[in-house]
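In this document, chain identifiers A, B, C, D and E correspond to the written order of the chains, with residue numbering beginning at 1 in each.
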Amino acid sequence: MTLQLALRHRFAGFALDVDVTAPPGVTVLFGPSGSGKTTLINAVAGLLRPDAGRIAVADWVLLDTKARYCLPRHKRRIGYVFQEGRLFPHLTVRQNLLYGRWFAPRNVTPEPLDRVVEMLGIGALLERRPAALSGGEKSRVAIGRALLSAPRLILADEPLAALDEARKAEILPYFERLRDEISVPILYVSHASVEVARLATTVIALQGGRVAAIGPPERVLGDASAVGAREVASLLRARVVAHHDDGLSELATAAGALHLPRVAGAPGTVIRVRIAASDVILSRAAPVGLSALNILQGTIAEIQPGRGPAARVVLAVGAERLIARVTLRAVAALSLQPGQTCYAILKSVAVAPEDVGR
Amino acid sequence: AAGDVLVFAASSLTTALDRVGAAWSAETGHVAVMSYAGSSAHARQIQQGAPADIFISASTDWMDALEVSGDLRADTRRDILGNRLVLIAHGGDVPPVTLDETLDLVGLLEGGQLSMALVEAVPAGIYGRQALRALGLWDIVAPHVAQSYNVRSALAFVALGEAPLGIVYATDAAVEDAVTVIATFPQDSHAPIILPAAITAQSTSPEALSFLEFLISPTARTIWADHGFDVPG
Amino acid sequence: MWGVLAGWLGPAEWEAVRLSARVALWATAVSLPFGIVTAYVLARWEFPGKQVLNGLVHLPLIMPPVVTGYLLLLALGRRGPVGEVLEQWFGIVVAFRWTGAAVAAGVMAFPLMVRAIRLAIEAVDPKLEQAAGTLGASPVWVFLTVTLPLILPGIVAGSILAFAKAIGEFGATITFVSNIPGQTQTMPLAIYSLLQVPGGEDGAARLAIVSVVIAMAALLLSEFVARRVARVVSGS
Amino acid sequence: MWGVLAGWLGPAEWEAVRLSARVALWATAVSLPFGIVTAYVLARWEFPGKQVLNGLVHLPLIMPPVVTGYLLLLALGRRGPVGEVLEQWFGIVVAFRWTGAAVAAGVMAFPLMVRAIRLAIEAVDPKLEQAAGTLGASPVWVFLTVTLPLILPGIVAGSILAFAKAIGEFGATITFVSNIPGQTQTMPLAIYSLLQVPGGEDGAARLAIVSVVIAMAALLLSEFVARRVARVVSGS
Amino acid sequence: MTLQLALRHRFAGFALDVDVTAPPGVTVLFGPSGSGKTTLINAVAGLLRPDAGRIAVADWVLLDTKARYCLPRHKRRIGYVFQEGRLFPHLTVRQNLLYGRWFAPRNVTPEPLDRVVEMLGIGALLERRPAALSGGEKSRVAIGRALLSAPRLILADEPLAALDEARKAEILPYFERLRDEISVPILYVSHASVEVARLATTVIALQGGRVAAIGPPERVLGDASAVGAREVASLLRARVVAHHDDGLSELATAAGALHLPRVAGAPGTVIRVRIAASDVILSRAAPVGLSALNILQGTIAEIQPGRGPAARVVLAVGAERLIARVTLRAVAALSLQPGQTCYAILKSVAVAPEDVGR
């Protein structure tokens, strides 16, 4: 279900002007504070009526100002995780969670409550009211409330910002599952490139109310001008080969074998692995005697000097691209040139569980 | 309480009429229910179809108005009671005064107010103004008059000592120990104080006439006199 | 408690107490739904003529009660245009019945009720209502499940104001439905009658105390309810 | 507008209009600070006897206006305990003066004002007040810089209710300060007088219209102010 | 100014029981959602009166329940950045920012408004009201409001959670400056170990209302049980030697030279560098021909197997410890043993600007 977002809206000191169409899956809105992410998402939810525009999920039109059509918000069947929670103060956590279910059509089977509660770790809070929750607990309940409303479209505005790493790692796979199994379109705001890599089918990089880049994450994440030099990463497609007894999983990529801490998925499953450009070490000769288990061979496709002391070296590995961020001094010392064969060294443990997704 | 006769009566009749009603009940076995309020309210309510059987007005003008609008049963109007207007003072031993144009009413007030009922609206106030005018006292005393919305309230100002003097009915003054009657207005200084009664046009109560007659029966007259009312011959 | 009261008061006074309680309860209960709707409309809608509605609601507060009573009499009396329609079409007569006293009390109390509820509605964060909307609740459901529970303290406050006003209402009642013992003689009217009687002050004071006690009891109850509700909402 | 009105009305009626406006304005203005303090105390403090204070504030609403007026007379009359002290120590006399009418109107309007303001205070998020406290604002400053601006719509609502009630107040006023043309004859008293005599309806209607117009003007103004304030606070 | 925090408080399903004393500087509260961080900080601010306890900054007592003493909150002179903003809705951004200044004592010189406004990038918002701000803008104003109140103690509850990486990197140095130049004690809640490493003088790791660990960040961050295995890092003390023309700075550490993207500080300045354990590669032999510029020599002090497929290898480098997180397979392949000499390989660019602080 493609998502059409064509919108124009002006505030006193800010103008949003967007016209993009995103393919089915998770569309991540990425961009600095004040770039218009919440404004855009509010328009999709029907909380803001934009000056002009058209919003549609596949052929289901939510808004078309030209045709003077605007679906009321309660008919949009949206699960919106608000940036500021917005829990109902007079309802218990359980009642908050089940609120949307009262209004869900009879013929849909919503997620089971228990499953969501367990994933979010809020079982002990069910009878409390929001005023007695911590900040992170509130955001978890807000996520649960949106997921349990059997939505046809999920909007999530920095849902994980208030959570610790461990909790994030537990919740991220859930969004993946929604994307893959239930195929609910998701519009997801995030500042964290880890989340982008993990979830995004499409990334929209917003800057000052305009689209700076749009595309699959492997392209947008590789684009320093869209995500910032330090956030550049590659996404490698990999197939699970085997899970070894020492806790490592063996993956096959276009560039050779990868050994990573146990990943989910039976042998044969195709997954994608985010490799931060700054985690990759390059060597002209095949290195030996290192604790790093992963050594991938490739050809230097391009060397892009950045504005700082570092350059991005793009390796072609099979049909894919692996980006390394190295210092200019190292480029000189190793006299790296496009066309050379080169080895990329990658620590298994540098790839965090959050970096591995489907 | 469902009664046989519903009487709309002027507030100033409150106790006396209750006793008359009780006597009537004792005699006939029927029950009369009294609604006490201002006569203006009652008259308007009757014009709007109030289920009253008998109307006893505090003055003739509202009875006249009902007669004109056809809300009274023909030939049932009776003047049942009269009253006297008195000048009262706060306290127990105030010397009486003579009411004529030489009376220094303002001086007697000592800077205080003369307490009356509303001089354009409430009968006691209307009669009082007439009397003061007739005596040539009104123009001097007018700026010192404090008007209340009924006689009882005017009496209360004097009883509490908030106003040194007041003009009320003799019937009211009689029951208040904190005031002394220092003069009675001559009957000819104001229009006759008459409380008329009549049966309403829409009354269907078979006992209405019996009650109306009872109001001027000897039993009732005794009670009226007891409360200080004049009973016309 | 009723027993003790009934013993202390004479039967006529007791009758007035019971009548007043009935009149005030009905006046409050029946006007409540209208009060909530009116308050909501005034708080959240914009439409031409809104200020006219607003003014109309406040009329009984602005005009002397006697005038309100007189207008009620003109409109709802048996010969009044509305009264006639009510009687002929629905068989409802309010004139000179306790129901009419309840109408007068309700009309007089209405502006107080509406203001309190309206203030409460205006204090509800529209963001919560929006959130409920995104979760599929239609405007009516949003109102019932979010706005209404959140304004409960305001509704309680508005109802108690209205109830207290209804218990004390005098001028409009006596002008509209007269002062008929057992039918329309509420406590304030009984107090008025007693004050006409020499030596009636004792009875008046007794009734005044009773009316204060009843209203205070209602007040305390409402405070208690409001605090419970507020505690639930704030979650502490 | 005043000119046209003055021409339409007789001089006595015009006098009543001006007096009413003065009485209602003073009643509202003078009771406002007390109303705010009382509302704050009732909304935010817990102390023994709180419910007694609460009941006391509501008394004028519960009791028939005439009784309230009578009690005022007993307390504030020249011979009353409070009245005597006021007169001898401060030289203030309210009995039979327009100031007394203002006192009566203020007392009758007080519960309405307090309820509206209290409701507004209860709707202020204590978390904002806490935040102000951490930034160094003492409780008084917190009130002045955070609570007060946030409850302005409630204060406006409370004041307009009080003003409207003061414009319409009749029973307590006439019982307390009686009806002295030019001193205490406010519009409702003039209207009452006119209604007592057959054929007085026309004059009464004229005055009623004027009092409604004045109160409506105040109402519209208050709505306008409240909306401006609300817009500023919500930032849109 | 030491910070004494001795507190006991019970909620329905939660008990806080803490008794610690932290040395002057920034004390970071670190711990999962619901572990009691906000509760603790609220007690310090005077927003929550704990069941029992004593709170003191040096000899300035804020609370002592035994002595029945409780300083009212407005006398505590606290700059509190709340987890949920709590901006005054009726005031403009400028008025919000200056609010605390009205109440600051006459004899203190508060931060200049312009400086804070510029750092936070909120110059264009000064005349707006909070309702017209984006989520991140609100949290920036909240930070500014606290800083501008001339506080004697700063409490910050996840102040940067809603911000993008670039903005975080701009604000962090400001907190450092407060710590170093104005020496305001700071109590700082964070889920991000980067912020911990950068700012903390002392870290308190909370778990379920109790103190799991307290100590200097190099110790607490090296403790997998306190911060979680994936967050383990070392903090190396380093002296700036020179800034080179190619944008790299040369640092001297106990373990040898380090080359990092330009750091702040004149030659001679001593700084500290956070090195995530998962960014370190080990080699038995001195490696050659790698793009990684930093090769530090040390002796294996300890090998701590974790619960997953990885182990932590602690190298003694001079008087300091450098931790590497490597797979068990690599430990076996290289037959690493305590006492062996070993080389640690570290990419320059793996150290983010946020990882370098004073």
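In the analysis below, a contact is a pair of C-beta atoms (placed from the backbone, for glycine too) under 8 Å apart; a residue touches a chain by one contact, two chains touch by 3 or more.
The model shown is predicted, which means the values in this text are computed figures rather than measured ones.
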Contacts common to chain B and chain C (chain labels): D
Mean-CA-position distance for chain D and chain C (Å): 20
Where chain D and chain E are represented by their mean Cα positions, the distance between them in whole Å: 57
Between chain C and chain E, centroid-to-centroid distance (C-alpha), Å: 60
Chain A and chain B, separation of their C-alpha mean positions in angstrom: 90
Junction residues of chain C, two or more chains touched: 66, 70, 192, 195
Contacts with two or more other chains, residues of chain B listed in rising order: none
Numbers and ranges of chain E residues touching at least 2 other chains: 84, 128, 132
Pairs of chains, among all present, that meet the touch criterion: A-C, A-E, B-C, B-D, C-D, D-E
Touch list for chain D against partner chain B, complex: 66, 70, 73-74, 77-79, 95-96, 174-175, 177-180, 189, 192-198, 200
Contact footprint of chain E on chain A as seen in their complex: 11-13, 31-34, 37-39, 83-84, 124-125, 128, 132, 134-137, 140, 157-158, 161-167, 191, 228, 230-231, 244, 246-248, 259, 261-262, 278-279, 281-285, 287, 289-293, 308-310, 324-334, 336, 345, 347-350, 352-353
Footprint of chain C on chain A - complex, ascending: 45-47, 72-80, 82, 84, 86, 88-90, 99-100, 102-104, 128-132, 145-146, 149, 155
Complex interface listing, chain B residues touching chain C: 1-2, 6, 8, 11-12, 14-15, 33-37, 41-42, 44-45, 47-52, 150, 152, 172, 175-176
Chain C residues within the chain A interface of the complex: 127-128, 130-139, 141-142, 145-146, 149-150, 232-236
